[in-house]
Each structure stands twice: as structure tokens, then as C-alpha cells.
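All chains are identified by letter, namely A, B, C and D, in their written order; residue positions are counted from 1 within each chain.
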Amino acid sequence: MKLAMIGLGKMGGNMTTRLLRSGIEVVGYDRSVEVVTKLVDTEGMTAASSVADAVSKLGESGEKRIVWLMLPSGEPTEIQIQNLAEMLAKGDIIIDGGNSNYKDSQRRGAWLAERGIGFMDAGTSGGIWGLENGYCLMVGATPEIAKVVEPILIALAPSKENGWAHVGPIGSGHFTKMIHNGIEYGMMQAMAEGLDLLKGKTDFNLDLAQITELWRHGSVVRSWLLDLTADALKEDQELSAVAPYVADSGEGRWTVMESVEQGVAAPVLTLALQARFRSQDATGYSYKLLSMMRNGFGGHFVKSVND
Amino acid sequence: MKLAMIGLGKMGGNMTTRLLRSGIEVVGYDRSVEVVTKLVDTEGMTAASSVADAVSKLGESGEKRIVWLMLPSGEPTEIQIQNLAEMLAKGDIIIDGGNSNYKDSQRRGAWLAERGIGFMDAGTSGGIWGLENGYCLMVGATPEIAKVVEPILIALAPSKENGWAHVGPIGSGHFTKMIHNGIEYGMMQAMAEGLDLLKGKTDFNLDLAQITELWRHGSVVRSWLLDLTADALKEDQELSAVAPYVADSGEGRWTVMESVEQGVAAPVLTLALQARFRSQDATGYSYKLLSMMRNGFGGHFVKSVND
Amino acid sequence: MKLAMIGLGKMGGNMTTRLLRSGIEVVGYDRSVEVVTKLVDTEGMTAASSVADAVSKLGESGEKRIVWLMLPSGEPTEIQIQNLAEMLAKGDIIIDGGNSNYKDSQRRGAWLAERGIGFMDAGTSGGIWGLENGYCLMVGATPEIAKVVEPILIALAPSKENGWAHVGPIGSGHFTKMIHNGIEYGMMQAMAEGLDLLKGKTDFNLDLAQITELWRHGSVVRSWLLDLTADALKEDQELSAVAPYVADSGEGRWTVMESVEQGVAAPVLTLALQARFRSQDATGYSYKLLSMMRNGFGGHFVKSVND
Amino acid sequence: MKLAMIGLGKMGGNMTTRLLRSGIEVVGYDRSVEVVTKLVDTEGMTAASSVADAVSKLGESGEKRIVWLMLPSGEPTEIQIQNLAEMLAKGDIIIDGGNSNYKDSQRRGAWLAERGIGFMDAGTSGGIWGLENGYCLMVGATPEIAKVVEPILIALAPSKENGWAHVGPIGSGHFTKMIHNGIEYGMMQAMAEGLDLLKGKTDFNLDLAQITELWRHGSVVRSWLLDLTADALKEDQELSAVAPYVADSGEGRWTVMESVEQGVAAPVLTLALQARFRSQDATGYSYKLLSMMRNGFGGHFVKSVND
């Protein structure tokens, strides 16, 4: 079994390593030559100097060549799929393992199908721990394509039986991953709020590292996110060096849009996203407005920026 | 008609003025001699040098003396009610026009009733504009007490027919005022969020002073809060001198607690309160936690306080 | 001044009446002949038997003919704009007074501009009361177009000075209306939650018709929505004949999507929308899931559909 | 080591079993004789015919007798603690392992301390799986009391090293458990919302049993709650027999009250609680109000209960 991996960052690089260690041949390409070289030297990857070079090293047209993209969603992925459509032939397969919007995947799948090129959207979870633990793979594809790619999925997954599944047609893999991330946002926020309240109860002077470690054993909230949280709190539970700023990515936003499109209430997933928006808001214009309104009707004190 | 007004701040002072201008005699007391003097000089209030003095100037025991408290809720109101219970006699009436918790009012009403002293909780809305427009009065009391106090309520209200009402038993006036304020929080927050989104659409370069003024005429959202908002935006719609900090008071919090006690969902009233909490949170500990968790599973960049 | 009005429903019909009463000539078309006939008979409208007929009755090409669309957003508006583009000539103007998505308006404006046809998006608020009170009009257009249409806007607005405004470029009128409706959702929800809590306090046995009427006078929450609510509660405050089902329209949803796109928290506007989603959800699948989870970890009782 | 267990329900019964199997002697009492008899017969528990009998079987005064209460919070726990205060002597210890409000525990701890009786609040998580997996125990007590009870905690916990901890003074155990449950509510709700959206995407026809099972392996959301959810979905993922009704208990409510008291935003924990309130609301009065308001300003159709 052989595939090309385009994009060897935190995710693509580790996945390549895991594949190689499972005996699957990987032709790898990344803009960074350094990254390519390292994987060649340490893990025996076959280097490619360009996407075209990677394709050519997969063999001749007619061999059901497989190209796995592990790129930022949006433009980078779009461009490479359009490039690859030129280079690949009937029967070849493109897999998008990144965090693309499922509607893009549906569109791309249909567009590639017109050219006879197969497509799979493989929502990939597991983060930097996937190398060791295996990745959770949510796959959207036709049954035929899913069957062809199966050995690769098994190599990446935690085990032969678990952690990979063909969940439905093209787009459903990224859709499932999107919802997965929405849930992740909600779980993270639930934990952050709870810990914030533990910390806010200053007269108990609670040790959050102790409590999160405690909860890992036998409690209802035990979870992988809790494991990581307990770990993060061990050194400095004040997190004094960390800025109160949380980035968000496409999938959290798309989940909320999906809830609007479906007309289905998802208050917790939505508020978890909006908490991140708040953290990113340096101006606080809505707060200023509220302060002015209070002054307007009640003559209440308006705190000045100079206070 | 005659009453004592204890507390001559923004609310009590203006209410005293409105009462005097309606021909009701007011014996006024405030910790600030200056405030007392001013109302004596400009509006013809009768000065009292202490609460006891105010009571004595209301006449003899047996004359159904009325004392209106316009004090901060909690301890200041509690203390004065306990003081007054010593000074007053059977048939006298204490009115709490402040923002007390309705459960406190129920307790105080029952306690005063044991001493034969009447009690009324008069939730009072209208802010600094009440002097001119009249106050909206939500009254909890026995029918007898409500009847006695009626002329005072009418003098304070916008008109004889409107803006005052005996809504139910003791406690129900403050309860109704509490819910009123909860709604106020929600309406303010709705407006602030909408304006924030108008401002965020930078490519339209909208004039928020123009739009809020526009909405005042014929739109579905026209309201007194909008009137005030339009007014506030006329000078500096950037609100550059205003700190992004919104205070909250007891009634917003009690409304949320009431929803929890009743087991009734009130997401908008709750989130409006929590938006204020966010504005008051200087640390952002929950955001720091989220940032660390993201780093934990995905190796994502953690913004440092030094960035 | 003369214009064609396409769509004579609750909004378009009343607007036509108001225009005619202001001395503006209206050529009106609606799918319902009955509706057309009535406006001809009672208000002196000029009948049109089709959109083409309406255009022809506006005069010759070159006369800056004005067509106002008052149609459901989406397909009905899209189709008519495409039709009209065929019938109209350079210098003519299409006004979309419906609740179109502002992005559609931007697209349509650009597309019509290529054909030399002017476009205005006129977000229109005021509902069924606009006939009497005047409509609040939020207008997006070039300054030239806005100038031409001004007399029509003035005739529709509450007064010459107030209730209409040119807020920005094409799209900004519908954008402003969209946010207006978002705020409206939030204010309605705030009020509904507060009244729900008043009702839930059964031991006070509060009269919600009395209280909403009371609040209309002097309180901070006085507003047009409160006026309508007080009115609605006068007959049967139990609302026993009303189903607990609230429809939602595009603008509430688009506001939430806008907040996601901008990355700006709008919890109250969002939760107000989601409350409506909840009211529309006949299945309650998420509740079923929660009930099963509780059973899973705690052995808690699962209420059956037969209970 | 020896203790009395008062209350042998789902929690107390299993805990007794686990203690007995670890070689700790348990004198057990429950209102149900049947339950007592079963634990005597199958696990070798010592039967008590009353609380007083249980105390007497623990030995003489002066032997640091330990009584563990596993009762519903509120009155049942309150009554037994007051009873026990009469029966116990200086140096004896009461442990409340139920879900009491931490403020009650603080009050009870102080009251018992005046009588020389020790108190420990032991928040206990693990549900019906605790027998097998061990219980997660969050303990509030003085260091002396914690030391005495340690062997019992170790026997109940998943292991000697993990799953039990003395987190702080009296009250802090129940406080920590309360927050734990708040987080649990948030996590459950996040999962339920996500699955609801998966189900709502009908064109993908997703198999929720497959997906939840998939996520258990390698994904970021893997957790014990997910394990249970995957299990529950295996049989009938439509959950057609389950009523859309979710009960809530004190701790979820107290967590929200705590956030109000601290002035700390906890939107996700709050909305998770309110989702349950919604599920319990058979009337939908707030929805009716909204429907009436829409009718009031826009003439929109009001769905009747007969529709």
C-alpha cells in the first residue's frame, strides 16, 4: 500500500510517521524542505519535491493512486485539489483529511467525480496524541472508495476494529467531524466554567490540580479533555503566563450555522463559541453601550477608561 | 397628606420634589445636610435632623404616620426598618420604595405586622426622569394600606389613572419590580448586541446615532431605552472615554435565582446578566483554561500575556 | 410622483393606501385580483393585470420609472427582479421593500447596475400599524437614487423629518433591518421570559394584564412591544387557545449567522432565536438523549412516552 | 474498621457491598427491611433495625464511631443528622455522602462541632458503576477527621492512590461535587446537542450508534459519558419509547446560583440546566406570549391549540 501525503505539519507529519511504522509506503511533500528531510531520515519516507513529483512517484496512471491532503481548510486545500485534478487520472483518489467545510467537500467530490477521480473526506481527530494513540477517522465516501482506502484507515486508527468508520456519502465525514468539534467546544467550556467557579470560591482555597486529577478516577466527568486539563494544571494552576484569549476555528462556527440552518437549538455549543468571541474582543463596545444606557435612565456612574 | 422621606439621593430627592409640587407635605431626612437644606430652600420641604426627628414631625402616635424609605437595599434598609419599628406605633406605615429583595420585604412585612405596623413594598421605576415624567409604582400591600397611601402614589405616578398599581400582597411589589429589571437587562443587552453588530459591519460604515434615531419612529423596537440610547450616541458614538465595564445590581441577579427556584428557563435574562459579569472579569481565567486545553490536545499556539 | 407596487399583501397593500392618501400615484399588481380591485375601488389605485402591465402603465422608457417590490424574500423576489430587468430600461429603479437577505441585495444591486438599472433596498418596519403610524424605512442606495425616491419615503414614513433614512450603500438598508429584527427577537424574548416568571409565582396570583399596562407608564421597559403585549393580555391572559409555537423568519437567523461571521458574541439575540426553535421541536430528541444518559450513569428513572 | 451506613439505596447499597468486600465491617440500616436482609444474606452486612440500633452496634461511646449517611438531600438528611447528634458522643463522626448543599454542610458541621461531633462531607460520584469501578470521593473535613476515615475512603475509591481526596474544610467536598455535577450537565448537553444535529442532517442518514462508538476511540471527545451514550444508542437510536423529559437535581441548580453569587459567567452550565427546565415545561406560556406579540405587530398567524 502506498500513498502521497501533502502537508507534513503537526497532523500530516505524525500521520505519515504512523503510516510508515505500519508498513505503508508514503511519498511526502511539504513546503518546508527541512520537514521533508527529517521524515526521510528518521522514518524512511520517500521525499517529493513538489505535488507533481509526489504524484509521479505514486506510479503510472491506472494504478489507483491515492493522495492524502493534510492542509489548512479553505484556499490551500481548494488550490491543491484543483491542481491535483489536472495531474490525476480516472480511478485515482484524493482524500481530504483536513478540517474542510462539508459543503466544500460535497462540491469538490461532485466536481472530481465528473473527472472520474474519487474523493474521500476523512475527518481526523486525535491531535498531537494521534501518533501514539491512533487517530479517530470519520470517513465520507462511496463504498468502493472506502474499501480501497481501508488499509490506510486501519493503520492510522487506534486499532483494526476501532476508531475508523465509513459513516456515509461524501461530505458526511467532514460533517461528523464538524459536529465532533462542536461537542468538543461545549465540553471544554463546561469544564472551564466549572473550574472558574472552583477558583472563585476563594475561602475554600481549592487546589484545582488536585481536583482535576481526582475527577479522572471514577467520576462521571472523566474524559480525555479532563486528563489533559489535569496535566496542564500541575505546573502553574494560576496560568499566569497565559493570555485570556482563545482562538476558534471554522468547525465551531460552522456547527452553529448548521444549527441555524436546521432550526435546531444548540445553546451550549453556541455559547461555547461565543465565549471565545468574547475573549477575542479587545474593545468591549457592547459593554460601553450598556454602561451608557444605565447612565441614561438611572444616572448611574459610568466607569471611564481612565478609572 | 404628609409623609417622611428617608434618603434623599437621586431617587428620593426627586420623588420628594415631585410630591411637594403636588401639594403633599414632606418631612425629609438624609445623612447629607446639604441635600436636606437644598430641598428645604428650593422646594419647601420640612427638614428633619434625624430619622427620629422626621417621625416626630409627622405628628403624634395614632395619626397613621407614613415613612417612605428610599435607601440602598440590604443593610441600610434593614437597619432603618428596625429603628423605625421602635419609634412607630400601631397603625403607622412604612413604605420601602427601594430595590429590596422581595423575600426580605415579606419577612419585614410579617415582622412589622406583629407590631401592628403596616408595610408596603413599592417597586419604583423611572430613574432620573421620574421627576418630570412620573414614576412607575408597583405596590405590594394589604388593600387597606394601599388605600391609605393612594394619594401619594398618584402624586408620584405619571397620572392619576396610570403608572401606579396595587399588584398584590406584601412582597409582590418588589417581586414585580425585580422582574421588571430582569426584562430591562434583557432589552438593554438585545440593543447592545444589535448595535455591536451594526458597528462590526465596517464596510457599511454605519452611523449608529442616525440609525437609533431612525428606529425611534415607526419601528417595532421603539422604546424608551432606545430613546436614551439614541441620545447617548449623538455626541461620540465610539464611546471612547467609556470603560467596557457594566455594573449589575441585586435585581438582575435575583431574577436569575428566581428562574432557578421556579425551574423556568430564562436564557435571555440570564445571559444579559452574565454579559455584565464578563465585563467585570479582569482575569479571564476560564479563557486561559481553554487556551491551555487547546494546546494540550492540538498543540495549538498559546497566546502569552506578553504577546 | 408615481410608482408601481408589486405585491399588495398585509404590507404592500397598506403601504399603497398610505402612498395614495399622500397624493402619490400607485399602479398596483397582486396575484389576487380581489385585492387589486379593492384598492382600486376604495383608494383609487391604478390596477395592473401583470407586472408587465404595471411597468407599461408607469410610462415610457426614459422616465425613471420606479417599481417597489413587496414580496416574500427568496425566490419570489428573485424571480421578479429578473423579470423586471428584462422590462425596465436604463435609469429605471427597483426598490426591494421586503425582508431580503442583504447579501442578495448587494448581488442584485450589482447585477442591475451592469444593466443601468438603479436599485434600493428599503428595510421596512412597522407591521400592520404602519398604515396609521407610518413606516420606519432603512434605505440602502446610491445618493442619487435615494434623492429620487425621497418623496415616496417621506410619504410612507411617520413624518417628513423622521422615520426614514438613507443609511448607506446598497445592502445596508436590509442589513440594518436585519439587525433591527434581531433586536426585536431579543426584546420579545426578554418580555416573554419576564412574564413567564411573573406567572410562575403562583402564590402572588399576579394579574399580567394589569402589570403590563402599569409598566407602559413611566417604567424603564416601556416600549411599543409592551403596548401590544398589554393589549393582547387584556382578554385572556392564560392564552389558552394559543399553541406554544413561535414561527421565525429569515432575519432572526441571518442575524445569528452575521454574529458568527463577524466573530462577535450575541448571546441574547441567539438564544431568542433558539427559543423559537425549541417551540418548533415536536420530538425533543436531545431531551430523550439526556434522559437516557442519566439512566446510564445513575440508574435514574426514564420517563416513558406512556407515562 | 467499622462504620454504620444509613440508607441502602442504589448508592448506599452498592457502597456497602464494596466496603464489605474490602474487609470493612458495615452495620447497615434502611427503611426497607428487604434491602437490609438482602445485604446481610449476600454480603455479610450486620443488620440494624433502626438508626439507634445501628449506632449501638458500632460500640460504646468513646470509640470514635463513624456513621455514613447516604440519604436524599434536604429534609431526610437534616432529620437524621439531628437524630444522630442526640445519640452520638464526643469524638464520633458523621459523614454525609449524599448530594447536600455545601452551605447546609457548613452549617451542620459547625453545629455538630459545638457538640464535639466530627463531620465530613463526602461528595460521591460514580453512580451505579461505582460498585465495580470504585467511587470518586471529594472530601471536606478537618485533617484529623480525614485521617481517621481514610481507610474507608480507600476502600470505596477506584484504588489506594486515586479517586479520593481531602480537598479542603467542611463544605468543600459538597462544593466540589456540586461543581462536578454542573460540569456533568454541560458535557451531557453538549453531547445531546451535537447528536441532535447529526440526526437532523437527514440526507446523510447517519448511524448515531456507529458514530458514538467511533468517537470512543482516539477522538478528542472520548469520555465516560460518551461510552454510556454509545451503549444506550445500540438498541434503539430513535429512543422512541423515551419521553422528552429530563429531570434535574439540586446540584445543577446550586451551581447556577453559585455563579450568580460569585458574579461569574457560566453560560454553558446555566443553559444546560435551562434545557432541562424547558423539557419539563408542559405549558409553553412564553411561547404563547411570543406568538401573540408577533400577531400584535405583524398580523402574523397564531397557531391555535386545535391546529
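One rule holds in what follows: a contact is a pair of C-beta atoms (placed from the backbone, for glycine too) under 8 Å apart; a residue touches a chain by one contact, two chains touch by 3 or more.
Quick caveat: nothing in here was measured; it's all calculated off a predicted structure.
Chemist: In terms of touching chains, how many steps apart are chain B and chain D, taking the shortest path?
Modeler: 1
Chemist: What is the chain whose Cα centre is as far as it gets from that of chain C?
Modeler: Between chain C and every other chain, the largest centroid distance is to D.
Chemist: For chain C versus chain D, what separation do you get between their C-alpha means, in angstrom?
Modeler: 48
Chemist: With chain centres defined as C-alpha means, what is the inter-centre distance between chain A and chain C in Å?
Modeler: 39
Chemist: Measuring centre to centre with CA averages, how many angstrom lie between chain B and chain C?
Modeler: Chain centroid spacing, chain B to chain C, equals 34 Å.
Chemist: Of all residues in chain A, which are in touch with two or more distinct other chains?
Modeler: Correct list: 127, 189, 191, 193, 195-196, 220, 224-225, 259, 264-267, 271, 274-275, 278, 286, 297.
Chemist: Which residues, counting only chain C, touch chain D once they are in their complex?
Modeler: Per the stated touch rule, the residues are 10, 127-129, 188-189, 191-193, 195-196, 199, 224-225, 228-229, 231-232, 239-247, 267, 271, 275-276, 278-279, 283-307.
Chemist: Applying the document's contact rule, which stretches of chain D touch chain A when the two form their complex?
Modeler: 125-127, 130, 133-136, 138, 157-159, 162-165, 167-169, 171-172, 175-176, 179-187, 189-191, 193-198, 200-201, 204-207, 210-211, 213-226, 255, 258-259, 262, 264-269, 271-272, 274-275
Chemist: Can you list the chain A residues touching chain C in their complex?
Modeler: 220, 248, 253, 256-257, 259-261, 263-267, 270-271, 273-275, 277-278, 280-281, 286, 297
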